[in-house]
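Naming follows writing order (A, B, C and D), and every chain is counted from residue 1.
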Amino acid sequence: MRKVSNVSLKKPIFVQGLPGFGNVGRIAAHLMVKFCGAKPYAELYSPSFPDYVTANSKGICRLPRYEFHAAPMKQNDFIIMSGETQPSFDDVLSHYSICGEVLDFVEKQNCSFIITLGGVPITEEKKQVYVAATSPRLALEFMEKGAVIYSKGKIVGATGLLLALAKERNLEGVSLLGPTSGFQADRGAGYSVFKFLMKALGNEIKEGL
Amino acid sequence: MRKVSNVSLKKPIFVQGLPGFGNVGRIAAHLMVKFCGAKPYAELYSPSFPDYVTANSKGICRLPRYEFHAAPMKQNDFIIMSGETQPSFDDVLSHYSICGEVLDFVEKQNCSFIITLGGVPITEEKKQVYVAATSPRLALEFMEKGAVIYSKGKIVGATGLLLALAKERNLEGVSLLGPTSGFQADRGAGYSVFKFLMKALGNEIKEGL
Amino acid sequence: MRKVSNVSLKKPIFVQGLPGFGNVGRIAAHLMVKFCGAKPYAELYSPSFPDYVTANSKGICRLPRYEFHAAPMKQNDFIIMSGETQPSFDDVLSHYSICGEVLDFVEKQNCSFIITLGGVPITEEKKQVYVAATSPRLALEFMEKGAVIYSKGKIVGATGLLLALAKERNLEGVSLLGPTSGFQADRGAGYSVFKFLMKALGNEIKEGL
Amino acid sequence: MRKVSNVSLKKPIFVQGLPGFGNVGRIAAHLMVKFCGAKPYAELYSPSFPDYVTANSKGICRLPRYEFHAAPMKQNDFIIMSGETQPSFDDVLSHYSICGEVLDFVEKQNCSFIITLGGVPITEEKKQVYVAATSPRLALEFMEKGAVIYSKGKIVGATGLLLALAKERNLEGVSLLGPTSGFQADRGAGYSVFKFLMKALGNEIKEGL
């Protein structure tokens, strides 16, 4: 974990969007970074990330990583985390330990609330956003804001794991899940999740984004 | 490992039924929890369990876990352990270490006897229950109660491993195995194993359960 | 590692035959145990062995293990190691660490020489036995006894690894490899390797074994 | 890590070429060892390497390893590392830790520069050499020498990982990548990379090599 900025944040909301079903979480997080004008804040490197390296447009190589962006906003300050990868599906221990590292950081940054963004493979047409939460009160609160309770389902990977591990630490939060048909990038579902989140938190979005 | 109740138990019998062939063990353990009116007693969490999370009917998420239920009964007190998962097939080290944690708990609870419930992929029609044991005397004892000796076979996963590791600690016990045709949930085989176990331990079951 | 006998051995030769190509090594080791009337000497258990358990003819379950048999013979004393399993192909670290444990035992028992028995997937018809060694002198010595130098090939699994790791400890030894067509048990190749070994070490075998 | 020579080198350039796409890196490194008349310098063994063993032409077995050759040259001294293997694709942790061990050695040898050689699966016909670097200045420098910037791509395995981890230690270097059609050994691409490298470093090659 490497800090790259010293922006001061006030009890920020932590938002995570990583690759997964339809890349919904990652797309939603990227939209949010753009919308909020969030700036690089910290980076997490891990030997559990895949062993490839990416070269940018100038041919400069770098390790896979999670990127944290900070956005001081009127309503709330945000830390938005995304990345181009997750640990391998098979490497369960790494999933747990990296979520643990993220939560250590979340606690150290004094975050007041955790929101994980992701996709769920649901075939129906409706453009709903589903919610799972750390408490019945929170699930109801987001239901009143327009989400559908995600009941009796599984949430795969870091989207669910971070939230469930947060609950074990007595942190509060929700997962917002966009239904998506498949494995290719689903920009529509990502946008729905992003739009719902911004509205739920009291930020108006112009449709043209 | 987290205790969730302080019910006092007298040299309880420990019963384990996890998912596996035909889900026989898990089904039998669930029937037993219902039959005995067993109450939540403890929970085991592990970073070796799969990295998905389950949401309940109210949308509340939680980590995968093993659940221990306690049932103080006339004949015997029981601790019944079940769960929705096992560590990955490939992660052998985790299988050993989690069975070790379970046995530490079993010893601490002063359990007098261990019974693991599971399925075996046997194609014949007969509705027998097979028994493997930590000693010839026990195998014979359960044979006299109607089980068939499970000879020269393999017992895959926690069903066999817990018993063999228990034997290494000089604990006593048996595996009761219901023959099942395949990988889909086999409620019939689960019921047979459950029924045999209850009868073997001196509990009468009304057929309507 | 658990000692089960206190037979006293004089600079024994260590012989290893585990499952693998055509089960040649395991078959050869079993023939040798029978021929020498070798008695149980020690057992090695490891959480890296597969997570299944085997029940014997009386329904008694036990963990997978390596078994060491001791045979005090006229020409040489032997310790013969076999087992029903190897660690998973994927679990390379376990392969190295278990071979290390075996070699610790080999050194502690003051073994003078190491022989690993195995199969090689060679399609030609000839019933030769191949040899790889820790030194050119030894390779030549076994060539003179009738083996063919195994040149420019790979030796997969514990058969090769134990020998190469032994060499790193300045121990001496050879691998004797029986060509076999495939993955099913090849009793003929196992017998050839066994026969060659016994002859090379100066023990006459009656053909009827 | 085992030193096998005490040749004294002056701020050597470290060159790595391991098996991978089209074996380009390994082929280029071998050509360089031959061209420079490099001598064995050090060896790296690891329990993360595959569990097979290779027998040489005399039947002598040895563990898989990375081999380091030293070449004191007029223009620059070189340490050239190659090997017949990489850790398994799945074992990401080992990839990181072995690259770390290599870089510890690189720093201890006071290497001034790191060059990793590899292949990239590119279908176009042109026989270019691609470059990725630890800094824009270096990428430009090698572009001026005739390489094409490798932009927005992935570099898989040790070729990319060593460079990116080197960058984290503030070491400088480049990856030189030969486009190759596939998985079989591509001697042409290996030769192109080797030739480019020698020319870039000011060593003339006679075409007949």
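Going forward, a contact is a pair of C-beta atoms (placed from the backbone, for glycine too) under 8 Å apart; a residue touches a chain by one contact, two chains touch by 3 or more.
Everything quoted here is computed from the prediction, not taken from an experiment.
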item: Chains in simultaneous contact with subunit B and subunit D; value: A, C
item: Steps needed, at minimum, to go from subunit A to subunit C via contacts; value: 2
item: Superposition rotation for subunit B onto subunit C, Cα-based, multiple of 5°; value: 90
item: Most widely separated chain from subunit A, with each centre as the mean of CA atoms; value: C
item: Residue-number overlap at the subunit C/subunit D interface, same or different (half cut); value: different
item: For subunit A paired with subunit B, centre-to-centre distance based on mean C-alpha positions, whole Å; value: 38
item: Interface hub residues of subunit C, defined as touching at least two other chains; value: 90
item: Pairwise touch network: line, ring, star, complete, or other; value: ring
item: Touching pairs among all chains present in the structure; value: A-B, A-D, B-C, C-D
item: Of all residues in subunit B, those that touch subunit A in their complex; value: 45, 47-63, 87-88, 90-91
item: Residue ranges of subunit A in contact with subunit B within the complex; value: 89-90, 92-93, 95-97, 131-136, 139, 149-158, 160-161, 163-165, 167-168, 175
